[in-house]
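Letters A, B, C and D mark the chains as written, and numbering starts fresh at 1 in each.
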Amino acid sequence: MIVYHISGCGVCNDCRRGYMISCTSARYRRAYGWQRDGGMAEFMLAEEKDLIWLPGELSYADGAQVACGFGTVYEGLEKIGISGNDSVLITGLGPVGLATAALCRKLGAPLIIGIDKIPERMALARDLGLCDEVIASADDNVEQVRKLTGGFGVERAVDCSAHDAARATAIRATRKWGRIVFLGEGGRVEFNPSPDLIHDQKTVFGSWVTSTWLMEELVEKLVRWNLHPAELVTHRFPLDRVAEAYSLMASGRCGKVAVCFDEELK
Amino acid sequence: MIVYHISGCGVCNDCRRGYMISCTSARYRRAYGWQRDGGMAEFMLAEEKDLIWLPGELSYADGAQVACGFGTVYEGLEKIGISGNDSVLITGLGPVGLATAALCRKLGAPLIIGIDKIPERMALARDLGLCDEVIASADDNVEQVRKLTGGFGVERAVDCSAHDAARATAIRATRKWGRIVFLGEGGRVEFNPSPDLIHDQKTVFGSWVTSTWLMEELVEKLVRWNLHPAELVTHRFPLDRVAEAYSLMASGRCGKVAVCFDEELK
Amino acid sequence: MIVYHISGCGVCNDCRRGYMISCTSARYRRAYGWQRDGGMAEFMLAEEKDLIWLPGELSYADGAQVACGFGTVYEGLEKIGISGNDSVLITGLGPVGLATAALCRKLGAPLIIGIDKIPERMALARDLGLCDEVIASADDNVEQVRKLTGGFGVERAVDCSAHDAARATAIRATRKWGRIVFLGEGGRVEFNPSPDLIHDQKTVFGSWVTSTWLMEELVEKLVRWNLHPAELVTHRFPLDRVAEAYSLMASGRCGKVAVCFDEELK
Amino acid sequence: MIVYHISGCGVCNDCRRGYMISCTSARYRRAYGWQRDGGMAEFMLAEEKDLIWLPGELSYADGAQVACGFGTVYEGLEKIGISGNDSVLITGLGPVGLATAALCRKLGAPLIIGIDKIPERMALARDLGLCDEVIASADDNVEQVRKLTGGFGVERAVDCSAHDAARATAIRATRKWGRIVFLGEGGRVEFNPSPDLIHDQKTVFGSWVTSTWLMEELVEKLVRWNLHPAELVTHRFPLDRVAEAYSLMASGRCGKVAVCFDEELK
């Protein structure tokens, strides 16, 4: 089973839509492993409605990345629409950015450009073949992206960095009539609506986590695509070394870090 | 006839879409009354493709407000979608904001809230029955709008002010899953994506002028709705007093200002 | 409380979307008053998740028409989009057709045309002011609708009749780029795709019942609009005369028929 | 240059949208090679507005298939949306059906199923790798398609056959919430709305040719995708053997048939 990481009341409008992340009940909204028991333990008690079937084709390490990783990304990508029509810019190549690249590839994107500044992440995006172009964070990123796209800019951009400048780059490097989605959490953004948004008829979407039903549909597709989220895992730790895992993750010098049980520790 | 105020090359992608405002030909893109002769004269020479039929039901003063007024607004409203489902917030009650209110009413909006700080504009919005609620620009505008909408915020917001703070208000006073469109030109905007956009799954659209074909469809609807843009005109001047007209408009202490020929001077 | 009339398993993809009507569990999918106890009784036992709050502004007779009446219609109307832009044709003026007219009015539709053949229903649509034009079912309905819409046809059509010919009329009387939704259950339809659908770039939607969350949103809007579904009720019966109620409904010579308790029997 | 095959008046609403195919001017609407000179000649006189730039990467035989072949298909596919999310059924594997398969592949579709009855066409779809599965037209096509899609049916279907039964198959073999587009011209269709469309919340689109601007965007993408429509050409004829070309095409026992000048006759 995969666990949708937030349990909601089940009867507010958000829960009825499947977005328990947005549950409006102060009493019942509880994240597993935070306001209620859940993560980093051998067993956990979960509500049936919070569970998604994990098909045999996927490992636990695959499934563990769906809830607040691939699922969150898929929601955002469905909002802006990604197909073979779209060159995509991804600002920020942490686990969410890498998941974005992996999903955009399967959705058909013929050109995927990533921006980051941490060498390990940039190398990973290249080595796993997730991005066609990886460029270092710099003041002239907009010009670089335009150069890589025949002068036009990308049709779609996804911010996974939460950095102010990267968000503005995502908007500015997007082509006329294009769409941008913000996934990265925190911080601020500042831009100039006339040249950046209005004159090119662009649209900026905010997107938060996903619904249980879209998460379930994503799982069906992961199998269909033979896409294994665990391929983004660069480091695995047993439960008793979890502190090391968090510390490595916080450094950013890695892909996805997984805490696994014996059978998936390799 | 109504004149679409920009003449384009006719064969670039933007012109083919009908958006001559975005014509990419440095040679052929020419605004009437700016880069080519046009406004504020008794006669003008225009391309057939830039003309929209003015039906007998509409006056010249009605038609003159379509191109870069009601048409621009209608494009933005079509992007975000307005119907009887939607309470609407309008930040900025100049001619574009008043046109927004007039069109939202005809599209079915049951509650229209306007924000401005110029007393003449606020009074006009109230007196013409265009806004149901008019509130003065202030730091607590978001709270005021929430209060007027059962605590939820509006389903749609339209910025016609181009002011940084008003744009942020438009975003923040919008309800979960809501849509915001920026029409006002110039300046900057700054906000906090997580609380302002991401967590409430909102979308911000940029919208610039409109196409010739949507402008034509708007004209058909103005007749159907019996909506006369000239009702927003508070002051009319003959051509030889055009300087006064511009000066009044610049003060902001008025509705729409029209320069008319004898028959429509009243 | 309002009861969503089908109880589902709660964990299949359709239930997670809120569409318990489409629950895929043979074991748990149960309509109240059909496969499980529910309708036409003084008390009933219902699952919390199947209940929608009935606000104080609405009566029980209002609420009783939401689940498989106004809710079903609202889902269809949201699929095709109705606003002040749209003239609407409704084929079939039974309770579903009348609810369509009532909702289209609140969504902003400036012209609502109804077609039926039962005089009582036609009179009701006119007398309640729900339709602007009511025409008798006939071979030349398409021409009549075009005549009422400046030769263009309607922007939107809703079939509430389930009759083959009326469905074809709904498609054919719709304007270029228009949308049609089929709500009426049963029967067949036959048409000629090239002239009827393809050349005019039209779209036909099927729509079935609705989700719990959209039903909840409709209830919020009924209050906002001051729209009382009970206004469509032409006849009220106490529980012990329920057979008469069904018999009258089957005749079609009425509006909505309600079975009520003392307080709402008038 | 590529010629959009219909010249319109340029100023009716349809022409302004770029859909000259739908030009409403009886006087100016003229197909090249039909109501005005154009096809099957060494030279032709065309309006500038009817021309699309043919990039150096594409041959004349590529370009000749854009206007009423790949362009028509692309319009339909954009209406229903095709990405890596979508298994696609194509009913009818003539040149339009093969173009559909080629474009769906580039848009990301992971599974493409074709239905036809002419052995040459079925073999072509297989040999060119355009369809993943090719099945012979038969009474149990719906069951076959469901079997190939885990029991669900396809997310998208495109009718390129214009046959009544194939159109019904396209609708019936489509999954819940799926979309179908009709491209094939002529004939009729008959189906049962409740099981075929309503209960599964499906949508049927009609789509006719395309606009000049979308055709132009397609050309940009053909280059980006390195997709050469001429690969569908199985037979080439010089201008003086044009009768043979038409006769072969009418037999259906071929892919696309091209009439070429020396340089592209091979």
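Convention: a residue touches a chain if its C-beta (ideal position, glycine included) is under 8 Å from a C-beta of that chain, and two chains touch if they have at least 3 such contacts.
None of the values given here were measured: they were computed from a predicted structure.
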For subunit C and subunit D, chains touching each: A, B
Far-end chain from subunit C, centres as C-alpha averages: A
Whole-Å separation of chain centres (CA-atom averages), subunit A against subunit C: 40
For subunit A paired with subunit B, centre-to-centre distance based on mean C-alpha positions, whole Å: 37
For subunit D, residues that touch 2 or more chains besides their own: none
Residues on subunit A engaged by subunit C in the complex (per definition of touch): 10-11, 13, 16-18, 48-49, 51, 211-213, 216-217
Touching residues on subunit C, where the partner in the complex is subunit D: 14, 19, 22, 79, 162, 167, 176, 182-194, 196-208
Residues of subunit B touching subunit C in the complex: 81-85, 106-111, 221, 224-225
